[in-house]
Structures are given as C-alpha cells and as structure tokens.
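First subunit A sits with subunit B, and in the next complex the same chain sits with subunit C.
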Partner chain A sequence: MEVRVNPTRMELNRLKKRLKMAERGHKLLKDKRDELIRQFLILVRKNKELREEIEKELSGAFAQFLLARAVMPSVILEEALMYPTKKLCLEIHKQNIMSVYAPKFTWVEEESTQGEESSIYPYGFVETTAELDSSIETLSAVLSRLMELAEVEKAVQLLAEEIEKTRRRVNALEYVLIPKLAETLKYISMKLDENERGALTRLMKIKDVVRAKM
Partner chain B sequence: MVISDQTVYAYAVGRVRALETRLLDRGRLERMIEAATADEALKVLAESDYAGAVGELADLYDFEQLLAAELKNVFKTVLRISPAPDQIAILALRYDVHNLKVLFKEKYLGLKSDLLIDAGTLDHENLQYAVNEDDFRDLPEQLRKASEKISEEFLLNRNPQMIDIAFDQALYSRLLAETARLKSEFLTGLFTRQIDLINLKSLIRVKRMRFDRDFLRKVLLLGGRLTPERFILLVDEPLEALITSLAMTDYADLIAEGVRDWIERGSAARLEKLSDDFISAYLKRSKWTPFGPEPLIGYLWAKEMEINNIRLILVGKINKLPAEAIRERLRDGYL
Partner chain C sequence: MATYKIAVIGDKDSILGFKTIGVDTFPATESEDALKTLKKLVSDEYGVIFITEELASELHSVLDELNKRFLPAVVLIPNSKGTLGIGMDQIKQNVEKAIGADILFRKEG
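This part shows the complex of A and B:
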C-alpha cells in the first residue's frame, strides 16, 4: 500500500522530509493529547463533585416545591412566581484551555430594589404556603453554583471532543501516515539501489564485451 | 342589603343541605390516597359527584381545569340560590384580587398569561381595561386605592412583592368593610380569624427569612382579633416565645402543635393544615343554623377545602408522594 511515486532521488528527499515532519507532528500531538487528558480529568472530577452536590440540593428543593404545589392551586402558584425580583445578567467570555475555547461565565445580579425589599421572594404571604419559601430559598442559593456547573460541563464536553479529534490524528499519524511513508521510502531506496545495481552490472557487462573484442 | 327576616333562607339552606351530602367524605379521600396510581385515584373520584367532569377529562394532567370549573360552578350555584348574593359575592373577592395581581404583573412584564380565575365577581374584560388604561373608577374602593398606589409606585421600585402585599391588604380591608356594612357578625368572625392566622404565619415566615420588623409591619394585615403590635413584638423573640405569648388566645392549641412541628421539622404543613381546620371548625359551629347565610358560606368553604384536598391527592399520586405526606396535609372535612 505504498504511495505511488516516481522512484527518484528528489522524491526520496521530499518524502524523507515529510516523514520527519510527520514524526515531529506525531510527538507534539501525543503530548497535546496527554495534557488534554490531564486537564480533562481535573475538570471531570470537579464536574462530578459539583453535579452531585447540586443534584442533592435540587432534588430537595424540588421535593419541597412539589409539596407547595400540592397545597396551592396552580394558577395562584404561577401568579406568585410570575414576576421575578431578580434579574441575572450573564456575560460569556472565552477561556483558552489547550487551545480549546471554553465559555467563561461572569454574572451580575441586577436588583430591582434596595434593602430588605430586594428579597428573593416575589410574592405576598396571604395566598401562598410557607412551604414555598424554603424551596425558593434553596433554588436561589443554588443558582450561582448551577452556572459554575454549566461552565465546567461545557468545558468538559468541548475538551472531550478535542481529545477525540487529537487522538484520531495521533492514531492516523502513527498507524497510517508514518508507516506508509516509511514503506514508500523503503520502496524508493530499494528501487534506486536496484537501478544502481543494474547500472553496475551493465557496466561490467560492457567492460567484458569491450575486453573480448580487444 | 340587610335581611331582617331570615326565613327567606329556607330554600337556600335546604338546597345546601342536599348538596352537602354529596361532598366527598373522609372514606373516599382515604380510598383515593390508597389508590396505587393517579389514574385509579381519579376512578375513585369518578364514582362521586365529579363523575361527569372526570368523564370529560381528556388527560389526567388537566385535572386543574376540572377543579377550576368545579369552583366556578359552586360559586354560581350558591350565588343563584342565595337570597342575599352580596354576602356570597364577597367570598369570591379573593379571586378578583388574584385576577388583578395577574393583570398588573402581565402589564409590567408585557406578556399575556392564562392565569385568570373565573370564579371572581368582576368581569375579566373590565378589569383588563381598568389595568391597561389606569382607570380604576369602577373597582371597589379598597381595590381602587391599592391599584392607584401600585400604578404610581411600581415603576419606581419595581418590586413585584409590593403588588401582592398591597392587594392582600386591600382584600382584607375590603372584606371587613363589607361585612361591617352587611352587619354580619358571622362573616366578621370568619375574616378576623383568617387574618389572625395569616398574620401568625407571616410572622414565622418573616422570621425565617430573617427580615426585620419594618418589613413585617408592611406584611401584617390589619383588623384581626390580635393587634399587629402583638406580632411585631415577637419578631426578635425565639419561636418558642410565640407559643407562650399566645397561649391565652383561641389559637393556643393550634399554635402549640403547629409551631412546635414547624420548629422541629422545619415544615409549615402542620400549622397550615391546623389553620384551615380551625376555620372549618368555626364554620361548623353555625352549620345547623336553620335560616341564615351561615350554612351557605360553610358549604362554599367546605367545597374549597374539598377541591384543595383533591388537588393534593392527585398531585401527590402523580408524583408518587408517600401516602403519609399526603395524609398529614389533608384538611378535615366539614361534614
């Protein structure tokens, strides 16, 4: 499965250069892959920790919310939560992890009012059940960590993609391109040697002929 | 309209007695709780007066519509048979207030929703017009004042909680003003008790949210049997002080049990159930008044509790809540 080339010395030099380049690329990519995996593992661990924590808190908050939901008519519940007190302004920047551009979130809470009125509770107390309070409190506390989780999770996803790509490249170099080049090189040098030997025998033959005539 | 001759209630009371027998009893609710799935709970419900409505239900998850329609019908029926509909109409006022809250929030958010409740007394279109055009002339006085206050202040501080608080205050001052006008001691008793229980709950909630007494002062409803000052004094005290401080009132038992449970388990469920049961007990005392609006009002309340119980069970069943969690929130029947 060698490359079809003209077995010339020029081609040989060209291919030698390519092989060298491929080997260097292979080494670099392998380093990149290792580093990516290291980064990936760090992030994955962080992600797992965050996710487990948040899921625990959220499932608690959802359970409380469900109870609040069970003792309130849905329209009254929705009216209570219809107008949020807080606005979150999210800015997305890029951060470079091994030339993978992962999003970096920064957020500012825009508050509608000052003082104790800037509470997280957008509803009055007459029609709502007290069971709603604690679930809203948990949900609001968990929000900033939720964003952190989103950031980490996206980075992990992008890194995973990049690792896959890099690994495929490394493998392509290692198992396809480099052996192919090496084989072609071998083929050319053998062909050249063959030619040389052919020329040599031809010369010797001619020498014999010339000598016989003398 | 003040009715001196209470015998005009003979028909209405008779009618309500007949309707009362069709309320769901504890046994049926218990069977719904014991049902394995939400569908089966619904089947139990279909054996009762709800048969027709359940039959028309396309999807289990639409049960809220069923309950909303039932609420509307109940109010319509009682309004129709009552010789003094204005006594009944004020009970529907909280739905008008709910609608006003929704419309104001819709206006400030610039969106439409489908959260209006049909059981109210004021027409949705008129309310919509009033809110959109800032023309509150046709609203009852207290609601008009609250609306004016909101339309002046909201754009300055953008605090949605203020909308709810202003309207809640307006609702109860309206209710008290109306009952005073109607000279109905029974209704005054009902609303003042409701105010006390709401204030009590607000106090604990404000304490839990760690807000100060100024905030509590804004939230507390006026006109209850206990003055707001009694609650305000308790803001900085531990919750246990509440139990002793209110031990000499009618609410002693419910506070002792409900608040203790709240302290121990951090859940308001017990106190809220006991509060509703307290109101039920109050209404039950006048249940056997032969002529008068009391049985009608009692029936409306009973029906509201029944609807809440059905919602609780269905939500619980759909989400596979443990039967115990449902049972401890189930309100007592009126029967």
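This part shows the complex of A and C:
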C-alpha cells in the first residue's frame, strides 16, 4: 500500500519531513483527545446526576399539577395561569472547553408591571387549590437547575461530537498515514541502496574490462 | 448582547405550569405539530427549548441535528405521565459515542 513515488533523494527528504510532521500532529491530537475525554467525563457525570434529580422533581410537580387540573375546572385553571408575573430572558455567552465552544446561560427574570410585590403565583388564592401552589413552587425551584442541565447537556453533546472527530483523526494518522509514509520511506531507501550497489558493480565490471584490454 | 427566550413544547397538562415561571409554552399533542413548532422556534430567538420525551421520541433525526449546533439547546423533560428514559438514553449514547463503551451506566458484571 505504499505511495508510488520516484525513488529519488529529494523525494526521500520530502517524505521524511512529512512523516515528522504527521508524527507531531498525531501526538498533539492524542493529547487533545485525552484532555477532551477527561473534561467530558466530569461533565457527563454531572449531567447524569442533574438529570436524575430533575426528572424526579419534575415528575412530582407534574403529578401535583395533574391533581390540581382534575380538581379545578379547566377554565378557572387557565384563567389563573393566564398572566405570569414574570418573564424569563436568557443571555448567552460562549465558554471555551478545549476549543469547543459551548453556550453558557445566564437568565434574568423580568418582573411584569404589577405594582404590588410580586410573588411566584400569578393568581389569587380564592379559586385555586393547594396542589397548584405546590406544583408551581417546585417548578420555580427547579428552574435554575433546569437551566444548568441545559447548559451541561449541550456541552456534553458538543464535546462528544468533537471527541469522535478527534479520535477519527488520531486513528487515521496512526493506522493509515504514518505506516504508509514509513513504508514508502523504506521503499525509497532500499531502491537507492540498490541503485548504488548496481552502480558499484558496474564500475568494478568496467574496471575489469578496461584492465583486461591493457 | 442579544437576549434569547426559553420555550417549552409538550402536552397541555405538562407544560401549563411552566407558563407561571415565565417560560413561553407551546402546546402540542402530535409529533407533527411539535415538529412544526420546533422548526419555528429554532429560526426564532429561542436559546433553550424544553420538549417532553413523549414528543421527542418521534423526532429523533431532527433533534440529533440540533444537538450538533451551538444553539438552541434542546432539553428533554418528562411529561405528566412520568419519564420514558429517553433523556437518560441520550446521555448514554453520548458516552458511547465519545468513549466507545458505556462506562457510566454499565451494570455490575
């Protein structure tokens, strides 16, 4: 599987340089991959923990909400939730993990223009049930971790993608390009040696012939 | 700095509560509706989109594509019927993709 090249000294030098370069690239990429995997493992553990927690809490909140929905007439329920007391706005910054850019979320709550001190509940307590209250309380408590989960999960996805790409490059260098170059180098140096020996024997032969004639 | 919005897609029972904490809600029961909404939200200024696992289970190819992008972050949440384990599965797939073997969730053996 060697590359077809002219077995010349110039080609030999050129390929030697390429091999050196490939080896350096291989080493660098390998280091990059190792570090990426280290970062990835830290993040993915966090991701798993967060998700487990959040899934449990959200399921709880939803169950309570379902109860509230069952107990209350849906018109009243929807009316109660129609005007939220706040609006979430998201600011997105870039964070750099080993030259993988992942979004970093910071969120701001915009209080809507209600004169009174606003609570998390957008409704009065007259027509609504306690289940609704606790469901919403859980939800707003879980929100900050939900945003964290979004951030971590995105980073994990992007890192996984990058690791796969890097690993493919490392393998291509290690198992294809470098062996190929090494083999070609060997082929060229053998050929050159062979030529040299050929030239030498020819010289000796000619010398014999010339000598015999004298 | 541009500001982005947060959205949640899912069946009404699950997502109404999100409205009170300031997240935009988009009710959908069919995966086709969800897909339409999702496409609209992606081209709009939404930074984080929560979507219930039930709907997400039929939108695999779209979600996979979105997961490779910088924005938006699509996060799966359980719905009122409980979790389907798809979110966890996604983490598992990520691990397998990156490392080649599942080392987080492997049972003792």
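Going forward, the second predicted complex is superposed on the first by the 207 of 214 C-alpha atoms of A that agree within 3 Å, B and C clash if a C-alpha of one lies under 4 Å from a C-alpha of the other, contacts with A are read in each partner's own complex, and residues count from 1 in each chain.
To be clear about the criterion, contacts are C-beta pairs under 8 Å (C-beta built on N, C-alpha and C of every residue); 3 or more make two chains touch, one makes a residue touch a chain.
Small disclaimer: the values here were computed from a predicted structure and weren't measured.
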item: Fit or clash between subunit C and subunit B when superposed on subunit A; value: fit
item: Partner chain in contact with A:151 - subunit B first, subunit C second, else both or neither; value: second
item: First, second, both or neither for A:78, with subunit B first and subunit C second; value: both
item: First, second, both or neither for A:179, with subunit B first and subunit C second; value: neither
item: Which of subunit B and subunit C A:198 touches, first, second, both or neither; value: neither
item: Of subunit B and subunit C, the chain that contacts the larger number of subunit A residues; value: C
item: First (subunit B), second (subunit C), both or neither touched by A:69; value: both
item: Which superposed partner A:89 touches (first subunit B, second subunit C, both, neither); value: second
item: Least C-alpha distance (whole Å) that remains between subunit C and subunit B when both complexes are overlaid; value: 6
item: Touching both subunit C and subunit B, counted on subunit A across the two superposed complexes; value: 66, 69, 78, 84-85, 121-122
item: Touching residues on subunit B, where the partner in the complex is subunit A; value: 64, 67-68, 94, 98, 101-102, 105-106, 108-109, 113, 115-117, 157-165, 167-168, 171-172, 198, 201-202, 204-205, 208-209, 211-212, 214-215, 219, 221, 262, 266-269, 271-272, 308, 311-312, 315-316, 319, 321, 325-326, 329
item: List of subunit C residues in touch with subunit A within their complex; value: 1-6, 13-14, 16-23, 47-48, 50, 67-68, 70-71, 73, 75, 77-80, 82-83, 87-88, 90-91, 94-95, 97-99, 104
item: List of subunit A residues in touch with subunit B within their complex; value: 66-67, 69-71, 73-76, 78-80, 82-85, 112-113, 116-119, 121-127, 129-131, 133-134, 137
item: Touch list for subunit A against partner subunit C, complex; value: 36-37, 40, 44-45, 47-48, 51-52, 54-55, 58-59, 61-63, 65-66, 69, 77-78, 81, 84-93, 101-103, 105, 107-110, 120-122, 135-136, 139-140, 143, 146-147, 149-151, 153-154, 156-161, 163-164
